[in-house]
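What follows is one structure encoded as structure tokens, with my remarks underneath.
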Amino acid sequence: MSGDKGDSGNRRLIAEFKGYFLSALTIITVWSLTSYIVSSPALPQPFEVVIYFLIKLPELSKHVAVSLFRVVYSIILALSISIPLGLMCFKDSADRIISPFIFLLYPIPHIVLLPLIILLFGIGDASKIFLIAMILFFQILVTTRDSARNISEYYILSLKSLGASDWDVYRHVVFPASLPRILTAMRISVGTAIAVLFFAESFATTTGLGYVIMDAWSRADYKSLYAGIISMALLGFSMYIVLEIIEKRLCRWV
Amino acid sequence: MSGDKGDSGNRRLIAEFKGYFLSALTIITVWSLTSYIVSSPALPQPFEVVIYFLIKLPELSKHVAVSLFRVVYSIILALSISIPLGLMCFKDSADRIISPFIFLLYPIPHIVLLPLIILLFGIGDASKIFLIAMILFFQILVTTRDSARNISEYYILSLKSLGASDWDVYRHVVFPASLPRILTAMRISVGTAIAVLFFAESFATTTGLGYVIMDAWSRADYKSLYAGIISMALLGFSMYIVLEIIEKRLCRWV
Amino acid sequence: TQEKKTLKIGILPIEDSLPIVVADEEKIFEKYGLDVEVVTFQSALERDSAFTSASIDGMITDPLDVILLKNSGVDVKIVSLCLGKTPSEGVFAVLASPNSQIEKPEDLAGKQVAISKNTIIEFVTDMMLRDIPIEKIEIKKIPLRMQALLDNKVDAAVLPEPLASFAESKGAKRTISDADFDKSISQTVIVMKGDVDTDTVKRFLKAYDEAVEQINSNPSKYRSKFIEIARVPQDIAEKYNMPLYPKSQKFPKEFYDRYLEWAMEKGLAKEVPYENVVEWVD
Amino acid sequence: MIEARNISKIYENGVKAIESISFEVEKGEICSIIGPSGCGKSTLLLIFSGLLEPTGGEVLIDGKIVNSVRKDVALILQDYGLFPWKTVRENIAIGLKIQKYPKDEIDNRVKFLIRKLGLEGFENSYPKHLSGGMRQRVAFARALAMKPSILLMDEPFSSLDALSRERLQNFLIKIWQETSATILLVTHNIEEAVLLGKKIVVLTERPGRVKRIVKNEGAGRVEYRYEEGFFEKCREIREIVGIED
Amino acid sequence: MIEARNISKIYENGVKAIESISFEVEKGEICSIIGPSGCGKSTLLLIFSGLLEPTGGEVLIDGKIVNSVRKDVALILQDYGLFPWKTVRENIAIGLKIQKYPKDEIDNRVKFLIRKLGLEGFENSYPKHLSGGMRQRVAFARALAMKPSILLMDEPFSSLDALSRERLQNFLIKIWQETSATILLVTHNIEEAVLLGKKIVVLTERPGRVKRIVKNEGAGRVEYRYEEGFFEKCREIREIVGIED
């Protein structure tokens, strides 16, 4: 019964590492070749970018920290509202109220509501975080709701037979059963949050990776642009790794 | 055994319709009140917008058609590559190759690659569709992969015991078991596609709702802006309804 | 003696913004009893949104933008001309792509020219290429427009400085710029919300003028700031010329009317009388 | 006392599962229910538990109409009803946790049942790593942990080998003797029905109706399985359900 | 001929399920496997089917080492292994479809089995709308549809009432007599093991080892269940597994 996963675990880790190494290599090779072929300032050679990135690292890391704060804050905000709301949809009565709102409001391009958000929240960090959180909110809500709607009646019956209240059903069935899909939603939302950072960090700020990239772009400073993109990718990548660890912890039963 | 769902089906339809009606009413009321309170040109009264929308309907519908074409095309393109790729990840050997690429490439803000896309695809519809498709591609890939990784070993064993080839496993287990999550991904992607339309339709075109909204925004023509937003919401809403119908068809077993 | 007034001023990273940044950093605004917060935006869209929602009190923009804002009900007034009184202060140029055969404006006939419609860019283009029939290609984002130009995806593009010079350094061919004309075509203006009182505006412009004086009297001191503010690409930073900043002054009606006429012709705005928009406190 | 009054159930897809079933179970009695596969036994038990609404008739417990789950009733589902995301220990404890028993009490009961049902060493395993019989024992443990005064069991020992099955039958008898719970047992095993049920309700083919109710006074004692009366009763039931000996 | 040579299985989580199990099954023979819950019977069957790799030893079928699924082998999983997204008809037909049988042939076989197993009227139902026993019958039908020359069955009748169970046992005997398939049957029902298995392999507690292999020449005939030899054999097995009569 004692876990002797140590060895096979190690082997898996090495295989995974190899995978990342090889794919990073592939990406860099393809990049380098494309750059060589198109030979346009819009696509510098990877080594140039990496060197530039390393030189600018101290400065970039400050922007990374700011963006990280904004993204994490937004994700937490979005999660803390959308997950309960989405899970509630497991009940027909709640779904009949919530889901028309989703259907009507989700397909609006929320980025366009920026004037409105500025109107309501000003131009500080609040409106940046709200903008990102709002977009994530809908994405996570849609996923969580879909997953709550798909929960097998069977588990509900099983729990209810033990005298479970509605709250118990959420806690012991709806939430854990939805968890794998919620984690997928969070993975998606990392990508989206990073994409939305551009808008969010294109007004009233001179910090954050969104600003760095936009600024570099307008200055046609492509090395700096790609250094910013690499920073963003690394930021997203580390958030991904964190999610992976959380998933391994929470979904051992899968 | 004969289905006598007709009556209860009708009742459900009426309840659903009521839900949409009431939530639309709520949205309009909140909008109207907010508009009244903030009293800024950035948020006109809904009735003004609706009237404007109705007047401009013939003109808007042309843009709707163009955007619809671009979005649908992109979604189909993205689906047709990302779903097979994601489902393949059900196999450890494939996942070890594909998933590092996802991890490294997904968190890049793909919108920033626009200059690169233009370099490769020009400024016509091809690059617009490629941009949208690329972003959707990753979102759907992440979801499909997660869902393929979560398929119970039990069903695989069951099918393999019947002498199933790998292809059979994909067709009869991995795909149908992932279908609910793929449909969720498609719902999400409708929203994302519409969001990305802005970028896509902000270059080399004067058609499409993205252009309409961007143009209205840059002219500070808020009534026109909101009329564009309403058109987009309606576009997204109808795509949603279509997905809902597809889901009802394909996932009767849930 | 006077209570401190707070003002939020929105700027873009363009050369027009330098005096305001200098006034802020050299604490000139404080000297005039103003507590000014300078807010940087990356695009005119977001800046205008902030202005519309009263998140900022003033900004530097172009007169066409003011007409459009006023037309949609935003309470805005032009308190001073910024750059553009003389043609030499012009910042827009029509550039042909590196591979094209276009040399002079006449060659543009029937060619694709990337612009941003319904904005100052289109206005300037119309003014510069009055009788030359071109095919206008809409590319809103400036960096993208330049990219499309350099990648030969369009025949020509209209760009503002310093990107115009940058594009030129990368092989694009300058066919015409507004600096080539004998009358100034484009201007920028300083605008305030309608409810900013005249005393505050006066003090703001005084501070602005003092900053202008400092810059003009010692341009080398402010050069690096200028390069940073105007986002001058590194490759051309050394050679790029700093403008001679004019002091604040009333925005002339002759300029204004051209914008209004153009906007009305295009159906972008109804009559917005000069008197309702332009103010001069002196 | 549990009373079924004329209960019928037609499912949404039109399947008529049971039709006007009426019978009574005395307080502290064990009642076995047998009938052909698909005749509606599980449906009946769900209705008794208050989890499923009958389309006709009603169930009364101590004179009160059942229309929701009662705290004093525990149900063992035919497919065990374990949660894949909970370990053996958590699956057994979940009912107690829901009813907010103190932690100590929960730990004690769970530990006791894990030992009694031979699940030691698997406390932290997830259901997918258990054998069929082990899952069934976990489900049994979960219901017993609640110390219910009414126990509804849907083929609780069907996946167990003969020896384990006898042990658990004996264990159930002991518990019943100690607590005198009222027990409704759905089983397809005639010996089991006879060993345990003081009353044996035999149902017809679908739609299930009551075919016969057989009194079986000797039931509910461990020794019964070796007595002549037991074999005779088995033969009687076998005849009723239509198996020639 | 099927040959198990010293097979052992230790699961990834460290559970030792079975330990050096060796025995043989002749071509056309029915072999019953019984043993306590959790002793590794299902594990053993999975290894025989080629779906699970043993950590030690090997399985040979007709002299060839089994390391993947064979077309001539059908397996009935203990939990039925039905696909929730397929109807009864589709679930039964899936094996044939995979092996690319002509549509007519598939239709005929499926129709025949649906009738034989009493599933008429549920052709288009999804598994979640079936009773436990009905699901089990669907799984049985799916395996039989393949007309396999080797049939591995993991407690295929455990959820069936006595009457249905007897019917299906008889049906299985008939099929065996007609096709003389080799059958490995895991069951916890001693009577079933004796009725069907010409050879009865009794396993120990986990980790499962071979405790005894009992010859049972009378098996495989419908009439056997009424003969004295049957009852004696049952008693013998009961003694071996440790149940006093």
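Odds and ends about this structure:
All chains are identified by letter, namely A, B, C, D and E, in their written order; residue positions are counted from 1 within each chain.
To be clear about the criterion, contacts are C-beta pairs under 8 Å (C-beta built on N, C-alpha and C of every residue); 3 or more make two chains touch, one makes a residue touch a chain.
Every value quoted in this text rests on a predicted model; they were computed, and no experiment measured them.
Counted as hops between touching chains, the shortest connection from chain A to chain D is 1.
The chains in contact with chain A as well as with chain E are B, D. The highest number of C-beta contact pairs joins the chains A-B. The chain with its C-alpha centre at the largest distance from the centre of chain E is C. Separating the centre of chain A from that of chain C, both taken as means of CA atoms, is a distance of 37 Å. Centre to centre, using the average C-alpha position, chain C and chain D are separated by 82 Å.
For the pair chain B and chain E, the distance between mean C-alpha positions equals 47 Å.
Residue positions 13, 15, 79, 128 of chain E each touch two or more of the other chains.
Shared interface positions of chain C, defined as residues touching 2 or more other chains, are 49, 52-54, 143, 147, 151. Each of residues 1, 40, 42, 115-116, 118-120, 154, 217 in chain A touches at least two other chains. Residues 40-42, 114-116, 118-120, 122-123, 199, 202-206, 211, 214-215, 217-221 of chain A are the ones touching chain C in the complex.
On the chain D side of its complex with chain E, the touching residues are 11, 13, 15, 34-38, 41-42, 78-79, 118, 125, 129-134, 136-137, 155, 158-166, 188-190, 226, 238, 241-243, 245. Of all residues in chain A, only 15-16, 19-20, 22-24, 26-27, 38, 40, 42-43, 96-97, 99-101, 103-113, 115-116, 118-120, 135, 138-139, 142-143, 146-147, 150, 180-181, 183-184, 187-188, 190-192, 194-195, 197-198, 213, 217, 225, 229, 232-233, 235-237, 239-241, 254 touch chain B in the complex they form. Of all residues in chain B, only 1, 154-155, 157-165, 168, 172-173, 176-177, 179, 251-253 touch chain E in the complex they form. Residues 10, 13, 39-43, 46-47, 49-50, 52-56, 142-143, 146-147, 150-151, 163, 166, 170, 231-234 of chain C are the ones touching chain A in the complex.
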